[in-house]
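We just call them A, B, C, D, E and F in the order they show up, numbering each chain from 1.
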Amino acid sequence: MLTRLSAAEVERVVRMALAEDAPWGDVTSEALVPAEARASARLVAREAGVLSGAEVFVAAMELTDAALVVRFAVQDGARFEAGDVLATVDGPARGLLTAERVGLNFVQRMSGIATLTARYVAAVAGTSARIVDTRKTTPGLRLFERYAVRCGGGFNHRFSLSDAVMAKDNHLAMLGDVTAALKAMRARLSHTTHVEVEVDRLDQIEAVLAAGVDTIMLDNFSLADLRAGVQQVAGRALVEASGGVALERVAEIAAAGVDVISVGALTHSVRALDLGLDFL
Amino acid sequence: MLTRLSAAEVERVVRMALAEDAPWGDVTSEALVPAEARASARLVAREAGVLSGAEVFVAAMELTDAALVVRFAVQDGARFEAGDVLATVDGPARGLLTAERVGLNFVQRMSGIATLTARYVAAVAGTSARIVDTRKTTPGLRLFERYAVRCGGGFNHRFSLSDAVMAKDNHLAMLGDVTAALKAMRARLSHTTHVEVEVDRLDQIEAVLAAGVDTIMLDNFSLADLRAGVQQVAGRALVEASGGVALERVAEIAAAGVDVISVGALTHSVRALDLGLDFL
Amino acid sequence: MLTRLSAAEVERVVRMALAEDAPWGDVTSEALVPAEARASARLVAREAGVLSGAEVFVAAMELTDAALVVRFAVQDGARFEAGDVLATVDGPARGLLTAERVGLNFVQRMSGIATLTARYVAAVAGTSARIVDTRKTTPGLRLFERYAVRCGGGFNHRFSLSDAVMAKDNHLAMLGDVTAALKAMRARLSHTTHVEVEVDRLDQIEAVLAAGVDTIMLDNFSLADLRAGVQQVAGRALVEASGGVALERVAEIAAAGVDVISVGALTHSVRALDLGLDFL
Amino acid sequence: MLTRLSAAEVERVVRMALAEDAPWGDVTSEALVPAEARASARLVAREAGVLSGAEVFVAAMELTDAALVVRFAVQDGARFEAGDVLATVDGPARGLLTAERVGLNFVQRMSGIATLTARYVAAVAGTSARIVDTRKTTPGLRLFERYAVRCGGGFNHRFSLSDAVMAKDNHLAMLGDVTAALKAMRARLSHTTHVEVEVDRLDQIEAVLAAGVDTIMLDNFSLADLRAGVQQVAGRALVEASGGVALERVAEIAAAGVDVISVGALTHSVRALDLGLDFL
Amino acid sequence: MLTRLSAAEVERVVRMALAEDAPWGDVTSEALVPAEARASARLVAREAGVLSGAEVFVAAMELTDAALVVRFAVQDGARFEAGDVLATVDGPARGLLTAERVGLNFVQRMSGIATLTARYVAAVAGTSARIVDTRKTTPGLRLFERYAVRCGGGFNHRFSLSDAVMAKDNHLAMLGDVTAALKAMRARLSHTTHVEVEVDRLDQIEAVLAAGVDTIMLDNFSLADLRAGVQQVAGRALVEASGGVALERVAEIAAAGVDVISVGALTHSVRALDLGLDFL
Amino acid sequence: MLTRLSAAEVERVVRMALAEDAPWGDVTSEALVPAEARASARLVAREAGVLSGAEVFVAAMELTDAALVVRFAVQDGARFEAGDVLATVDGPARGLLTAERVGLNFVQRMSGIATLTARYVAAVAGTSARIVDTRKTTPGLRLFERYAVRCGGGFNHRFSLSDAVMAKDNHLAMLGDVTAALKAMRARLSHTTHVEVEVDRLDQIEAVLAAGVDTIMLDNFSLADLRAGVQQVAGRALVEASGGVALERVAEIAAAGVDVISVGALTHSVRALDLGLDFL
């Protein structure tokens, strides 16, 4: 699997989440549960899915109490069925109860993203299209959500506004001669900067290609237009399809011959996967 | 509306989000759009909903470029229809293009939460039940998501593990004499700490009430059991219903006479509301 | 003992204090003491008291030099006499000399608070009143000072403005119909929010109780009025006495039958307990 | 007055204190006080003293609500009597009520330090001795507390372990030939580093002076020994008296001819001055 | 000029530098210069060069004292001669004296980088080669130093290890079939990730090109080999020359026909340009 | 060696540098190098010099991957020749490749400073002058650069504007009676604050000495004037020479009898020493 979460970033974000959830302690566990009580629990899938966030869950436990021991039976990216035991946790009961919600909040959301991504990826199997994410991520959690997309078999688009160009309709609308403007832009950029340009109509394609772009995005195209666009580009650039890509439609979009399909829904509307912590 | 977002917290989180989305600038706008270009845009609803996050959207714009002027036509908590113009933005084109995605990421998610909350609230109208959120919030955004719940007419549950007791099944399972343990716990707590205890069965209620709790939570009860539970409690504590509360079922749960209905789905599975920024 | 200091918070605050006290090293120890020199010291009580801050003292040593070994002979909350050895420290001499002042600054102040609290608690022994702290804490150290109050046998009041209501004279002065306003407020609050209201005169009690508050605070009442107030409230709410509670007066205030006595002096005017580090 | 508090540091610390005191809002004011309500209040001295912390109090107000206007009638360092109005605050009632406690916590403590310092300074008036603080400050607030000492007419000792040498008994006990060791140390130090050495007995003075130190500290000396020490040093170094300097004894210590008297009590045992905010 | 420094980042770094240089005030100015004294100064070039860092210098002044007014006569990227007045500063004397060193430290280093870059750029004028920087930047100042390179007319290479691939000799040495490994890598990467591969010998070129890379770097090639390499690549990828590129050699390297010349010396060995602040 | 780098500060700065260089992972190593691959490398000197930054290099490796093992053959402050192996690194190949650049960036710069300092120190050997640094350091790295100066046998000047007085020409120009002003200043300062005053001409010396300063700085004096100045001061204060001190001139400046020679070039124009990491 490509590029892991950095341990430093996991620690930073999990510490923040733990502090948010228990700014001055867990009054219930501390007032009700003896300090020496121990507990064991199992992380159980209540529905099928794809795992993402194992090390984040581990961090939530270990940063709450270093004596908690977590053992994952499966790895990030693995598929599981309802009823599967994904991990076990053993150790001080107070810590386990304190860390439970934060651990679940991460692994449920990340696995929700991985699971939805895997559905999109399965739908385009056998085509040359890849499923990619967008910048419609939760503020503060982009690294985690992009990782979850990779766990589901998807790919990442550019990380941010800084590391690649994406010229959209609103940019183009401000330009006079599009070809000249894009060429001038390229001359100002680092030679490592990928240039992608969005078009809304077939008749915009030639002017963009004439500037020598790396990827052309066909935004909200009909299937017929997508196919025509792919033919017109004819390998002169990568072709990305974008715009309200529903799961039911993604197979036919891929069949149109595009290289990349970006899906905002992977991250902008996350449904937490139903995973639970069952105490033994 | 109860308790606003603190301006300091909004600034802190929006700055973090802007840095995440443009760690070393917006190469597209800076390479393609003249520094002196100006633009105007309208924040338009593409579906009906309830607004939340106006000041966060404003902060995303103003912290990107202090020359951007945002005017909201409606306030947080207001309902709108598809096609309504919610706000206008005017100012430097570069800044507007740079801030667009971060601003939308916040207001779409927060309005998604407010809109879903408002549906739950409408469903229980005329009963004495209130809809409340849970701790199943996005790590790092709890303040924002709880505020969005309030914008939708809902109420907040405890903020964190620190400010109220919620003794759950896993806690109770570790105790011997539940009544005695809960009494002993209360004697250790601040007199300002609310004590809520979760029960899974009707026959657990008396032992809990005997300890003098403030709220009793009936977890995953059938409607019949909820009604029986409310009768049994008979005003000796507040009654909260919890556990997989679907929108279709919430009216009958409320009709069972409970005081509080907690709904994890308000925040654990957010669908971003479809709001767009249309450039003029 | 209820709710410990979080290890993460202790580490954060102690690191800050160490950096404040040695922003670019300890020039004396490094220029004068050989790197390989070792030392042993004893933390000795020069007056009697109650210990608080053992783990903070340990953190000051260990975060300065992980090779320093601290062994406490007594635990937080324990009483000791002048001359008692509370702990021993062994390890690199430079680190011990560098950490000494920061370690003492914490444990002396926290033990000062615990010791004063214990005096108040002893004074009300045999009554049903509990001694609680206030928000008159040192900026940045509230968690530590509230913990010290618990070490002394006291209880905590609300942690902050966020987690419970305390309506004071200045709030009430802005209201018209106090009962109606308090009722309206309660309807807006989370069901977990404790509501306490301060009154200055006996004739204010009924209007407040009519709104259904959890605690009524009798501020700066004479003993006679306190007794009258307790009788008037008659169990309809908890009763808190507040306002310049001197140690000499606290027993008779408790004897008036109040449930809670809040003492700002526990934290607003801390006298550091005289503890010293004697090198062997 | 020498060296002000840096505005950046004041803002940083006050923001921290405000966040500590209202992590997710002031539920009382927001639920009870109309957003548009305005209020005026006066900061009134309930006892005589010396002011310190005016700008910190202002920051607490302005950082809570920029619409709050604070006008101080006196400046830091000024003496006032019980009953004097030190400042007025006008603006939004919610903000004023929210900021009140944090503002008072700072100004009461800082004025407490300034007032106590002024008593020590007055006691040594007419002598050549100056009153200085120590490193026995509250963790995190050293800059504020040293400033308060200056407001009271005192002087600061070294700021930290980094900016000057103070060789104490525990250091000297590890050395063989004290004179040689101190000379070797000086040869390793920056030429700007002040060297102060503590002695416990008169017979240690010559060995220390032979090394060429800047200040010699006579620790816990009797008055007779202090006088003898001053005579023996005879201007070859500054002389500092230290060790449990009670207010009643400071005049005779000063009369012994020392240059510097360090008083840990100025900051290690702060009594908050009684200042109150009276709403009009 | 491409991509400016973000104002938020400038503020963050300059505040850090000011705190580093005056952690508890500027004792000289505060003890010696009256608070009301005003001063004027001119930023004067003592040698010819290219300006970079104007807004950083402004920030150093304004964040020290908002009353300081800085007016730059030239903009970043402009050339100037020895003796030219680059800017004037007017305002409170204390603030000006306090901020002087930090402001100079930034603008001298950044202008040093811009000036050296401009020499390299001038040396390759008339060729199709561009001068680019490397990751050999000062820890913590990469954004500033890359901006300075752009001010001098240079271009930036990838920003970090995250935003583009650079497979070096040490990577290749771990691979078996280089072509297959590089192809497999590309299949795992985002479609926006630029792939650059370093080769040490001419006979490695074909295997790399066969994998379809974007840029091939010829590391430490002789001029003859560079020319041979450019011919061999024949437009199938961009060609970068790298490795100890001295200013005297850069023209002939460019003449070899490469597209990109990376120069570590632009940032790894910065000579501060001699700019001074002359008080009037 | 005097005062080490604090481990906490090293960790903080190295973490920052690692995050700057790999904000979301090292795409090359992760996409190209198997997770289980191991590697060994040697840190080799490509030119002679003095080592500084060993523990910083170690931190770069260990904070990237705790499984990396670094063994240094020499210690900070040691001289080495071209070809010498300074250290070995063994462990996971990915981590080693990821950390390489950051580790080198630190150790090359710090050793560059130490090496240049050692040249200056050697040049004044046999005189009583010491070589000291200035505040012309890289923003954010002052602690590291001052440490490197010490590794090269140099000494540090004051750390910052806060810990010693340096009254320069611009300060003096604002004063009327210099002697009186300096005396008044000293009366306001802590008794531990070193006072240094800069003069531009011989005729300024007496007025400054009359105020009782600790060090007098002769700025940009000719050799003849330096000698005259030293004679005139005649031991009444330390004498510092300053101003464009070139390596070729430093011996004769030292021979003039000054105590301290400050050299801005030690840190304002750092040439990275040529150290490389050779993979085995």
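Just so we're on the same page, a residue touches a chain if its C-beta (ideal position, glycine included) is under 8 Å from a C-beta of that chain, and two chains touch if they have at least 3 such contacts.
These numbers were taken from a predicted model, which means no experiment stands behind them.
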In this assembly, which chains make contact with chain B and also with chain D? C, E
Looking only at residue numbers at the chain D/chain E interface, is the share used by both copies over half or under half? Answer same or different. different
If you tally the C-beta contacts, which comes out ahead, B-C or C-D? C-D
With chain centres defined as mean CA positions, report which chain is farthest from chain E. C
Reference interface B-D: repeating pair among D-E, A-E or D-F with over half of contacts shared: D-E
Centroid spacing, where centroids are CA-atom means, of chain A and chain F in whole angstrom: 45
If you average the CA atoms of chain A and of chain D, how far apart do the two points sit, in angstrom? 53
Per the centroid of Cα atoms for each chain, what is the distance between chain E and chain F, given in Å? 23
Residues of chain E that touch at least two other chains are 2, 22-27, 31, 159, 162-164, 188-189, 193
Can you list every touching chain pair? A-B, A-C, A-E, A-F, B-C, B-D, B-E, C-D, C-F, D-E, D-F, E-F
Could you please specify the touching residues of chain E with respect to chain A in the complex? 2, 130, 132, 155-159, 162-164, 188-194, 196, 214-215, 238, 240, 259-260
Give the list of chain D residues in touch with chain E in this complex. 2-4, 6, 8, 143, 146, 159
Contacts from chain E onto chain D in the complex sit at residues 15, 18-19, 22, 24-27, 30-31, 63
What part of chain D is in contact with chain C in the complex they form? 13-14, 16-17, 20-29, 31-34, 37, 39, 41, 93, 97-98, 100-102, 104-106, 108-109, 112, 135-142, 160-167, 169-171, 173-175, 181-182, 185, 188-189, 193, 268-272, 279
